[in-house]
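Chain nomenclature is as follows: A, B, C, D and E, assigned in order of appearance, with residue numbering initiated at 1 for each chain independently.
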């Protein structure tokens, strides 16, 4: 299993994108995300055919989506991809055409953190009821009628 | 062949039917109100406060650690104050909202003074949901003997530690007195000032010793 | 001992003639069997529910109801009172009249059918000379009333349940009716008393090859007719909430329940009468034999309930049309051969034909019979 | 004893009344589902009449065939086609007067016919057992019996083809 | 798969029936709704609706200390609370780099395998309940489950909400008569399994009802990130215990059963075989369990004072082979004593993606057993 450095250089050469390494994750610009993911999925020496988890996170400067990719065929460990998008109109290319497993997880990221995935077959709220407008997992979301404020410690 | 598997299935239910009359391990139902199952020692239901001699001075020093650590935040403590308003090391009110508490046992682990433990009492049905289930201090306090009765191994271990802490403090006091009356006063005032509410240093509670003492069932 | 109830019956009639005016006495004489059935029907139903719950409980290694009364004996009374006091909800868009009518209509045939059962030697309410046909006609009508219940409660689940029940009842009625034909042909009359008399001592029909096959088909169709596992599609709890009686509560639901259990009793009584020789039996009094046979069959039905999962609608229909029906036709022919041809030859040919048909039917249904599978292991270190 | 005969006579009239009532309701009820149910009631009434006339075999067959089979198909069609079960349909077609006159004429004709025929009333009805019916079906009435059998088989094959054609399409 | 297209026949077109096998339905294993469009009884369209049990577990965890949300992980998949704790403990230990002593690892593996037995037994019981067997298999399953829950209660203090794992080990050591009772359980369990199989595996009605129903092809399973017994029933040999070699699973010899057809019968039978493998692991673990302390010094300190536990900034993704599939915890820490982001990768939630593909063309009762064979628990689906 190559180290993240080798993967970074290999990806940059193949798909011509500027990738920065964050810990073990590879920060990929969202325009190139689809090609990088497609490359990882199809090339024989990676064969990342299993998307384990999609997580949307709200950082101060924008929303971030983390993808954990594994290869069932070659039984190899995670390749972690990350993309960043702005808070208001955060749009990220959806990976459901590549992996059917991303469908529900992207809908959950949209529902809880508010990241729009263009290209997703039917992007609507999955856990909250349809009339709900906020995005609960954002840091600035505090339930209006919550009597105990969360900053307890 | 159609029918063999079906007959085998019927044979199994017939065996179960017949054996449930005489085999103990088949019929495991216990008719609850009349006969009761022996409670496991580590069974944890709602927490209770412990007092040594008199219910007036419980072991709890109202340090509020358990209130902060409790995941569903169901413990509220108000520290007692004497006449001039100086805070005392005793809780004026200590109520646990049993309707919120999920008996996870975090408060028992976190309490540095071994003042709160999980009880075995589970028949606690009440009529009102808000006032009746909000246990105030007088309903929470239980004697040390009750703790010894329900959880003998933990009780003996904790008593042993307390006793060790006691003699350690007593020994430190005599050594200091023997050394010199003056230093002793200073030592005494220093020793009696109990660590304040936010102990920054690592708590001195040693890890539970690995091998539990003989089972005193 | 054998004629115990008959003596009681005579005694009441004598007493009535002595005391009451003669026309009243005749009415009383006519009414005794009716009163007997009116008491026997519901009581058996109540205690069948208890027996079923106790038996299923024991199969599942638990006690079953034992809080009400000594061994739970008063549980049926408790259920009855509960059903009476439960609120009777009628859905707002339901067809009120039909919703009320359906449970009543279902109980009527269940009770009428008792009249034809021979409980013991000359202990039969009405000795119709078309006894079995009357029974089949009555059990045929329950399909219509189940469908009215399903249609009247205006609920999607009960609609599905109703459609399934019609499909199942019709496809199982034909083998149900035809598997009795060999017995009727041999006995030469519809009357249940004649059938029982044609099986003296231990010469029950079930011991002949065509009788055994007929018994098997008749019993399977009886279970299907009464909607019990593994054929309980109309009120499939896991899929259709409660099938056709989803929208019924309170006393109406109790009526459905009563009709079901009375049908269970009467159908197994008929199976016992036709194939297991009704009240014929060596030592015990006649009515004891009758109850013994009927209750064994009922316990087998309850045993089915405790063991089998449910068949799917198309498999259920396939089983009836592709397997049972052909077997019944052949069975009729075999019964005819059994009695017409000379003695040594007829036994052999009859048995041979039966075995051949069963094997052919298996080959024919080969595709549907599932096969066992063997599983491989990965990482078999 | 005459009390008993009185009661049984009343019973018979009640049965006739119920049958007629059922027929009336079947025609006039607005809710079509209730109309179908009352049709079932009429048929059961007819079966009861057969029982009263000691023709038990006929009565049982009547219930078995009509109520057990045909009524279910009637209700099935009522329920399946465009869900007309719960909508009510106007029963009157604004030609009450001609219909009334026609009905009266018919009634007159029937009454005259009943009055004229010489009823040969036997005191005691002959009990016809199922065995006699069976034998006569196979001996004297063998031809109509076989004819109906052929027709029924034809119908069976027709339904199979009809169902098959739908089935074929569905499995596209 | 039979693609069932709705044909409006010229002479009479059947109306489709829109039924909601709703949140309040006897066999949806909790509060889960399926909007089903029926043509007759065949399913034309099926949309799952969930979220009825959504408690926003991830927002709660962001306001609590790391150990504070350990009791909440019991409530995720409330049938296997021990494996939830195990996955969360692994993730945080990977984040903070805490080692776990050997005895604690052995105890963790014993608890995980016991939970697998509980989950698979219960699942088969409820699958048979959906098939119509009137509660008999479920109550046999409950009878066996009681024995294992008593073990949990004896060690962790509570039967279902164990809250037994801590970062760096487990809360308390095994009680003296825990191991003998596990040994006795290992003897009786295969006998119970044989009896269960005799009752069910060759039962023609069960085989007829479940074979070739809800077939999940291999490619769709992999691309839809299906994990656990469902993936292996479709023929993909992927078991995280063998792939990730987490904890001490390398020391135990056990096999991983694989199915070929990927239908409901395979998923049922794979779970029976997996239970037999779990018993083998338990057998080896109980024999070789070393003595020693049960929680590392560092871990005990943090267990005593969870608010002092401040892992260095960073993120970690720990995953285990939970009975239902791959259960993963993605924890992002920003140096304070509260996690910045806490995401649960729930197997039942993701295994539901292909519920519609499997149910198309089947009848209503088949949809119910296909849902039953996916083995969902709504606490984990809705989080």
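To be clear about the criterion, a contact is a pair of C-beta atoms (placed from the backbone, for glycine too) under 8 Å apart; a residue touches a chain by one contact, two chains touch by 3 or more.
Here's who's who by UniProt: A = NADH-quinone oxidoreductase; B = 4Fe-4S ferredoxin; C = NADH-quinone oxidoreductase subunit H; D = NADH-quinone oxidoreductase subunit J; E = NADH-quinone oxidoreductase subunit D.
Remember, it's a predicted structure, so these values are computed and weren't measured experimentally.
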Closest chain to global C-alpha mean, per-chain Cα centroids: E
Identity of the chain that, by mean CA position, is farthest from chain A: D
Approximate Å spacing (C-alpha centroids) for the pair chain B, chain E: 31
For chain A paired with chain C, centre-to-centre distance based on mean C-alpha positions, whole Å: 62
Chain centre separation (chain A, chain E; CA means) in Å: 24
Rounded Å distance, chain C centre to chain D centre (Cα mean): 28
Touching two or more other chains - residue numbers and ranges from chain A: 152-153
Residues of chain E touching at least two other chains: 65, 136, 140, 143, 199, 201-205, 207, 307
Sequence positions of chain B contacting 2 or more other chains: 2, 6, 9, 12-13, 16, 26, 28, 68
Chain B residues within the chain E interface of the complex: 2-6, 8-9, 11-13, 15-16, 25-26, 28, 40-44, 65, 68-69, 71, 102-106, 109-110, 112, 118, 202-203, 205, 207-208, 210-212, 215
Touching residues (chain side chain C, partner chain E) in the complex: 56, 59-62, 156-157, 159-160, 229-230, 232, 236-241, 305-315, 368-373, 375-381
Chain B-facing residues of chain C, complex: 55, 58-63, 303-304, 306-308, 362, 369
For the chain A and chain E complex, residues of the former touching the latter: 23, 25, 49-53, 55, 57-58, 66, 68, 72, 75, 77-78, 80, 99-105, 108, 112, 125-129, 136-137, 150, 152-153
Of chain D, residues touching chain C in the complex: 1, 3-4, 31, 33-34, 37, 40, 56-57, 60-61, 63-64, 67-69, 71-72, 75-76, 79, 85-86, 127, 129-131
